[in-house]
Amino acid sequence: MSLVDFLQTWIIAFFTLSLFSFLYKDNPFYKFAEHIFAGLSAGYYVGLIWHSVIIQQMVDPMLQDGRWWLIFPGILGAMMFSRFSKNYGWVSRLSLAFVMGNTAGIFLLSELHGKVLPQIQSTMLSVDLKQPIGDLVLSIIIIAGVITTLIFFYFSKEHKGLLGGAARVGIWFIMISFGAHFGYTVMARISLLIGQVQFLINDWIGGTLQALL
Amino acid sequence: MILAYGLLIIAGIVLLYLAFKTGDRRYIYLAVAFYVIFPVLITLNLPAEISPEVRQLYEAVDSLPDSSVVLLTFDYYPSTLAETEPMSRAALHHLFRKNCRIFTMTTIPLGGPSIAERVTRELAGQYGKVYGVDYVNLGYKANYVAVLKGMGSSIESIYPADNTGTSLDKLPIMKDIRNYGDVDFIFAVSDNSIIDYWMSIVNAQYGIKIGTGVTAVMAPRYYAYLSSGQMTGMLGGMKGAADYEKLVGKPALAAKGMAAQSLVHLFIILSVIAGNLIFFIEKRSRRREGHR
Amino acid sequence: MKTTVPIIIAFCSGFIMIITFFLNPERGFIGRLEPEVLNWVTIVGGFTLLLGVVSIVRINYGAIKRKSENRGYKLATLIAVFAMAIPAMLPTGMSPLLGTQPGSIYDWLFNNLDAPMMSTMFAMLAFYIASAAFRAFRARNTEATLLLTTAVLVMLWRIPMGEIFLNSIHHSLPGMINTYVMSGANMAVQRGIIIGAALGAAAMSLRILLGIERTYMGK
Amino acid sequence: MNFAALTGRTFAIPALILLLILLADFADAQAVINEVTPDSASQITPAAPLFRFDRFNALAIMVIFSIVILIYTRWARAGRNLFIRKINGLDEVEEAVGRATEMGKPVLFIPGLQELDEIETIAGISILGRVARVTARYGTPLMVPVRYPMVLAAGQEVVEQAYIEAGNPDAYNKDIVRYVAGEQFAFTATVNGIMMRERPATNIYMGAFFAESLLLAETGNAAGSIQIAGTAQPAQLPFFVAACDYTLMGEELYAASAYLSREPLLLGGLKGQDWMKLLLIVLIVIGIVLISFGLGNWYVSLFTSV
């Protein structure tokens, strides 16, 4: 392990442990690490946007391919910053409207065409009694689950009588789904801890011991 | 070995008892730390069955013809590296071995391009692949909805250059890749709901097969797309990554992590059961007092 | 002027996307217009990210100028912003340490400080999820019991040791959890939620397109 | 403002321009077809039709959906009485605030971690108005930490209004709603600090929450607070359900805010979506019946999108 690697590992370990120290309680080490972290993340955006957007998408095409009209999105982008002014704040609405409108145009169709249509189509399952019992049970679970969930989130009528019964079944389905979600997610959270612990033990402690011996 | 297990179990019970006794959840934290650290020190090998949705993805990738064009996305933040990076690595092993032409992209501003560069270059080195010929990193562009949609008509209109600024027409690999029509498969690795848009925009409107690697937080939601046939296979969390590593024959970080996962999961299950037992005993004794 | 023009812009920029959805892309002027518009959107979108950076700098600078008690930390934030941003913006030609390519200062700071810290922040969640499960999972009523039972079953099913245990009860149990719980009940609920959310998002989009919804303009 | 007149004026011109472009486009495409001589036509693939007729189903659902939403929004604006059932969680909110009053401890309200342009945040803010009215009436201390300047402005306005309406403007001060930190985990850490120090009797989370949901709810629980949550982030709901005393799930959050504010846009959208849900259920049931009798293939294929 070279001296550079050694220092590097110790720096990472210092910041990692500073952040973990919050588990015990809030402290200056934690605060310092957290502020450095916020600054670095902001700085990262600057480097990224500078190269990938300003240079690659605007300056280069304008200078090399003569696509001069790319100055317009640049101006629209710059207009965003008028938000910090009290009197001219409304100017930023123009650029925001351009982006929001475009996204809305894509979403209006993609949500209906790409989500609603295929999802309801694949709920149209056969409940023909001649199919294998396992498939039939699964079809019934899916149909009941989808319809009662939709009914649970139906607000135009009081949940009484038949509707109330369906909504009650809906909440049972929802709880099963949330339980599955919770059980599944335990893994996600622990994974992240394992990653950090692997670093601390293998690279930091292991590496340091190796260097010392 | 038996001694180690015995120690583990006793420690767990003691910490659980302390947690109940004092009501201080820091004993639980201590137990979690203990169970995560322990398997990192000692390797435990555990057999596991491969989930069907992982096998589906593996087979979809495996049945691609030689030198197919595959888009591999790095749609994740550094915060979930432990879960998602093993997926990207396993995917790259598989794709490089099959001589696929790979191009990568990211919709994550914070770190996405840096992670993609680091991981692809490292693995390309192992397989002797050449940048620009066998693989390329397109990097990041803002507003993912427009990026996903725009690549449908022309990749070059959204990405005039790759991540390091080389113009696309100088890269041999991109010569006959114009838009989604020239892409054979998309392998999207993500830790956020961008997967919804890969399904509702790219799969629904351009009809390309998309397999995904997602964190365990997202996975339960995406069974809906698996079931509707919009998604071709899924790796769910570290278990999905470990399964894929196993199928590719490169057990690595995820496989190693599964031992720690097992221990912490078992501890949590144990604590839930113990908690409920106490809950019921208390309830019953309270009821008995009520009768008196 | 301050409202009508943005509404017209939003309408046009969105309506193009709706028309091209129903047209064949190879055909005609609008087909060629679509990628150009989307390219513009990605460029403008890039600038919105910089807004956040400007706010951070403004807020921290303001706090230092006002001599607030935490100004030491604020200064650390500002230094970090510039340490990351300035070398990244200078051309690589001057030195391989500049720019954003692998091996640059930018790349080093990201891989060795920013990324590990971000991972650590999330790693803390492992401790909390354990204590949440330990404390909150009580079979208080039908709903809670369903939640708890499914969570425990799924936890067992996801880990190798648990899978062996479930197998020993009945060999088809792991498969049944996958089919009836994950791809059955869970999938159905998620499908219902996806449909509901899609309708909500589509309604929101429609209102933005028609200029009825103006909250994004700060109204 | 008259909605119909505004829409008419605003959209007549751009719609006309776009229609002209479309016509020109059609002529343009037609010209290209005419230019193609028979010889060259044999070498290139025949030109695809201008319109994607296979996407008629998307057009149909979009048109139906748009009409339904617009009609309901119009009715809501015209003040027609549109019924929404009371959301159970709202009673719980009031009860929890009442408990804080009894204990003489503060109420903590977080309107989510998103910017004001997110509909969840708007819903959170409108529920905040209701909570503030109750705390103003009883003089219970209220704390509202926020993550964005725009949310700060909107929150202060709503809370001040509530204190004035409750006839207790003196109890209002500007620090009730305060800006805490912009970074996600910095915000969470600071709020966690507040929870442990001030020990609020009641924590209310209404809005968009992400990975911090569990950090907040667990800390709040450790501080011994009663907690009520509401979010439309499906991935976070299981944690709130497990760690809080009551949770508004998904669209219930929007419904709650529409119920409270009677804001025509929210109300109209909600009613329109309800109508669509009913239609979708009917469509699904028809499909199930047809396919179970082996008659449904044509019907199911109507919904094909890929």
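As written, the chains take the letters A, B, C and D, and residue 1 is the first residue of each chain.
Just so we're on the same page, a contact is a pair of C-beta atoms (placed from the backbone, for glycine too) under 8 Å apart; a residue touches a chain by one contact, two chains touch by 3 or more.
Since we're looking at a predicted model, the values are computed, not measured.
Compared with chain D, the chain whose C-alpha mean position is the greatest distance off is B.
Per-pair tallies of C-beta contacts place A-C first. Annotation: 2 Å between the Cα-based centres of chain A and chain C. Centre-to-centre separation of chain A and chain B, using mean CA positions: 13 Å. The distance from the centre of chain B to the centre of chain C, each centre being the mean of the chain's C-alpha atoms, comes to 15 Å. Per-chain Cα centroids separate chain B from chain D by 29 Å. In chain B, 25, 29, 32-33, 36, 79-82, 109-111, 113, 141-143, 146, 149, 196, 200, 203-205, 216-217, 220-221, 224, 227-228, 230, 237, 239, 261, 264-265, 268 are the positions where the chain touches two or more neighbouring chains simultaneously. Shared interface positions of chain C, i.e. residues touching 2 or more other chains, are given as 7, 11-12, 15-18, 21, 38-39, 41-46, 48-49, 52, 56, 100, 110, 114, 116, 118-119, 121-131, 133, 135, 137, 147-148, 151-152, 155, 158-159, 182-183, 186-187, 190-191, 193-196, 198-199, 202, 204, 206, 216, 218. In chain D, the residues that touch at least two other chains are 55, 58, 62, 65, 117, 182, 185, 211, 218, 234-235, 238-239, 241-242, 250-251, 277, 280, 305-306. Touching chain C in their complex are the following residues of chain B: 19, 25, 28-29, 31-33, 36, 46-49, 51-52, 77-82, 109-111, 113-115, 117-118, 121, 141-143, 146-147, 149-150, 152-154, 157-158, 164, 196, 200, 205, 216, 220-224, 226-228, 237, 239, 258, 261-262, 264-269, 271-273, 275-276, 279-280. Within the complex formed with chain C, the chain D residues making contact are 3, 6-7, 10-11, 13-15, 17-18, 21-22, 24-26, 28-29, 47-52, 55, 58-59, 62, 65-66, 69-70, 73, 116-117, 119, 122, 149-150, 182, 185, 211, 214-215, 217-218, 221, 232, 234, 238-239, 241-243, 250-251, 254, 265, 269, 272-273, 276-277, 280.
Of all residues in chain B, those touching chain D in their complex are 25, 79, 193, 203-204, 207, 217-218, 221, 230.
Touching chain A in their complex are the following residues of chain C: 2-3, 5-7, 9-18, 21, 37-54, 56-58, 70, 73-74, 76-85, 88-89, 99-100, 106, 109-110, 112-114, 116-130, 133, 142-144, 146-155, 157-159, 179-196, 198-199, 201-202, 204-206, 208-209, 216-218.
Taken in their complex, chain D has these residues touching chain B: 211, 218, 222, 234-235, 305-306.
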